[in-house]
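Next come two complexes, and both contain chain A; in the first it sits with chain B, in the second with chain C.
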Partner chain A sequence: MTRLLAALVPLGIVGMIAFFLFTGETGDRMFRGRSELGDTFSRRAVRSDPPNRLGPGSRGLENAAANTVTAIVLDYRGFDTLGEVTVLFAAVAGAGLALFGRRRRRGKAAPVTPSSLILTAAAPWVFLFLFVVGFAIVLHGHLTPGGGFPGGALLAAGLVLLMSASGHESSARRLHLLEGLSGFAFVAVGVAGLVWRDSFLAHFGDAGALGAFWSAPVTILLYLIIGLKVSAELTNAVRTLANVEDPTTEEVP
Partner chain B sequence: MTWIILLVCIPLVVGAVAVVTVRDLLSAIILEGVVSLSAAVLFLVLGALDVAITQAVVGCGLTTAVFLYSWRRLPEKAREVSHD
Partner chain C sequence: MNVVHLVAISALSLFGIGLYGLWSGRNVLRWILAVGLMETGINVFLVLTGWYPGARVPIITESFSTSGPVPFLDPVPSALVLTSIVIGLGTTTLALALAILHARSHGTLECEADPETAEVLE
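Let's turn to the complex of A and B:
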């Protein structure tokens, strides 16, 4: 009975919140607001009337990212992306908290096995390739598919490869610093949008020509920040998981 | 197009079945990477470039690396799975 009540009360509260959110004036505003945003975006970015048709080189746009998905993800729905980055941070922090704390207690470093010659010889070159491709994907996020998340993952893969080849882990302090700084920079860019334009994470500055590399500068900046943050976080996650002591081996004296 | 997709699906399905049936854990880890790589090629063929990049890097690269790091910590007798 108490269990049923304990389940029913939160459900009732959630139901009430949902009822007030989705009906009446609030719901009206929510859904009308959404369609208004859609209209605004299509008027500014995808209008099809011939004299005003957009193409490579079009100027005077609100956000000149040629990749419309990026324009939405980082500009019009930039706040959601900030939340997404926060979720990634929380996941990595949770894994670190659950696993790294145990290692600290044992106070024993992970045994280092020497890497094979193939790995040590090839790793710098593969890392160089992954580094260049990763940054290319990150910096072209406003033009082509990809962007900060896949590009950051590529950079992280390169760092993990270098880490496993050299045998010693990359500095956790530096990774944490990079992670924190990029997270701070994301919010700082958002506040800059609030200061120079009308809303948080709004695109400020000259948007440039559609399709050019130097277009939508704030989008480039945000994707660079996300790329650095994701690479630092994923490298850190693999580092944490790789350094955990296995309970079965600890039994052996 | 359909034939390319079917061709890519062969290692995907065969690898996925092999991952759960193979006895050696190291082989299972590598096969899991092969399954991820086939999925990445499938996404590439279907035109989802960014998903393909992410699948190749995270699924095939980082996850396999994490599994290999954990495998390294296992004692000898735990490295084989018994399917009873």
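Let's turn to the complex of A and C:
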């Protein structure tokens, strides 16, 4: 009876949400067009008048990234992305603090299972593949879907795979160094925009032709920094969570 | 009723399954998984709100021409969802750490409703 109730209450809530979303005025407006803001972003006409010609090979645009979402995330809303990366850092650091804030006083380290032959034999090749694909995704963030966040996740997957295959964990100091340096580099690029252009994180330098690989150089740089930071962050998170002593095997005092 | 409504219903169903996971049971890991499901459902729905009939992926490719209005879906929700996914990852990491803390102090991942009867190891 309680199980039925537990199933019925979410069903009712979802049904109510669906009713309010798909009927009446909201339902009429849903899936009916694009916001004015999104249109301005798509035309690259936020800071200046819309360009005469927008398409592959256009020059002199205010943002030359072919991917509009990337243009928003790293240019129009770049400061927000800095905050987002900071939140990721804070969450991983908070997890580490919650688990290892007090030194380990009791309990033993989690038992290490030796890695199997399949894992140790395949890991370097899969790692190579993941690294190449990961960096390709990171470096093509301004042209294709993807960019620093998914690419960084792939790089982290390669690092974690290598960690679990070789049995020895990657050095925490190096990971922290990479995290700190990439965070600093992000702010440094922002300050460079302040120096050479009018505002923090403004894109400096020649934007290049839209659609070419060497277009939007600051976007490439920022996504490379984000990819490195995210990979270090995720590897660190996995390392933190994997290092905990096993609480279930602990004897009750 | 077309494909987009089907996707919207799937997104809402994911949200509902997550809600059910929160509602039933007292396992902390189940709660974390349920919140992850709800997040996924909300993200899918947010991306979907930018869609309209005939909309294309907001990337300027070879076949693109500016005659007439830009045929892109609204890129703003997509950019917001990119942020939301990353924040979701951060909260999941933190929640897992807190679950480990709970397991350490209580010896179990189950949560007791009544704090009077809950057993604390330390």
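Following the convention adopted for this analysis, the second predicted complex is superposed on the first by the 188 of 253 C-alpha atoms of A that agree within 3 Å, B and C clash if a C-alpha of one lies under 4 Å from a C-alpha of the other, contacts with A are read in each partner's own complex, and residues count from 1 in each chain.
Quick note on the criterion: a residue touches a chain if its C-beta (ideal position, glycine included) is under 8 Å from a C-beta of that chain, and two chains touch if they have at least 3 such contacts.
What you see is a predicted model; the values in this text were computed from it and never measured.
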{"item": "Which superposed partner A:I137 touches (first chain B, second chain C, both, neither)", "value": "first"}
{"item": "Partner chain in contact with A:V187 - chain B first, chain C second, else both or neither", "value": "neither"}
{"item": "Touching partner for A:L154 - first (chain B), second (chain C), both, neither", "value": "first"}
{"item": "First, second, both or neither for A:P145, with chain B first and chain C second", "value": "both"}
{"item": "Partner, of chain C and chain B, that touches more residues belonging to chain A", "value": "C"}
{"item": "Contacts of A:S164 with chain B and chain C, given as first, second, both or neither", "value": "first"}
{"item": "Chain B versus chain C as contact partner of A:L241, first or second or both or neither", "value": "both"}
{"item": "Touching partner for A:L177 - first (chain B), second (chain C), both, neither", "value": "neither"}
{"item": "Residues of chain A that lie at the interface with chain B and also at the interface with chain C", "value": "144-145, 149, 234, 241, 244, 248"}
{"item": "Touching residues (chain side chain C, partner chain A) in the complex", "value": "4-5, 8-9, 12-13, 15-17, 19-20, 23-24, 48-53, 55, 57-62, 64-66, 69-70, 72-76, 78-79, 82-83, 85-87, 89-91, 93-94, 96-98, 100-101, 103-104, 107, 121"}
{"item": "In the complex, chain A residues that touch chain B", "value": "113, 137, 144-147, 149-151, 153-154, 156-157, 160, 164, 234, 238, 241-242, 244-246, 248-249"}
{"item": "Chain C partner contacts - residues on chain A that touch it in the complex", "value": "3, 6-7, 9-11, 13-14, 17-18, 21-22, 30-35, 37-39, 41-43, 53-56, 66-69, 72-73, 77, 80-81, 84-85, 87-88, 90-92, 94-96, 98-99, 107, 143-145, 149, 210-211, 230, 234, 237, 240-241, 244, 247-248, 250, 252-253"}
{"item": "Sites on chain B touched by chain A in the complex", "value": "48-50, 53-54, 57-58, 61-62, 65-66, 69-70, 72-75, 78"}
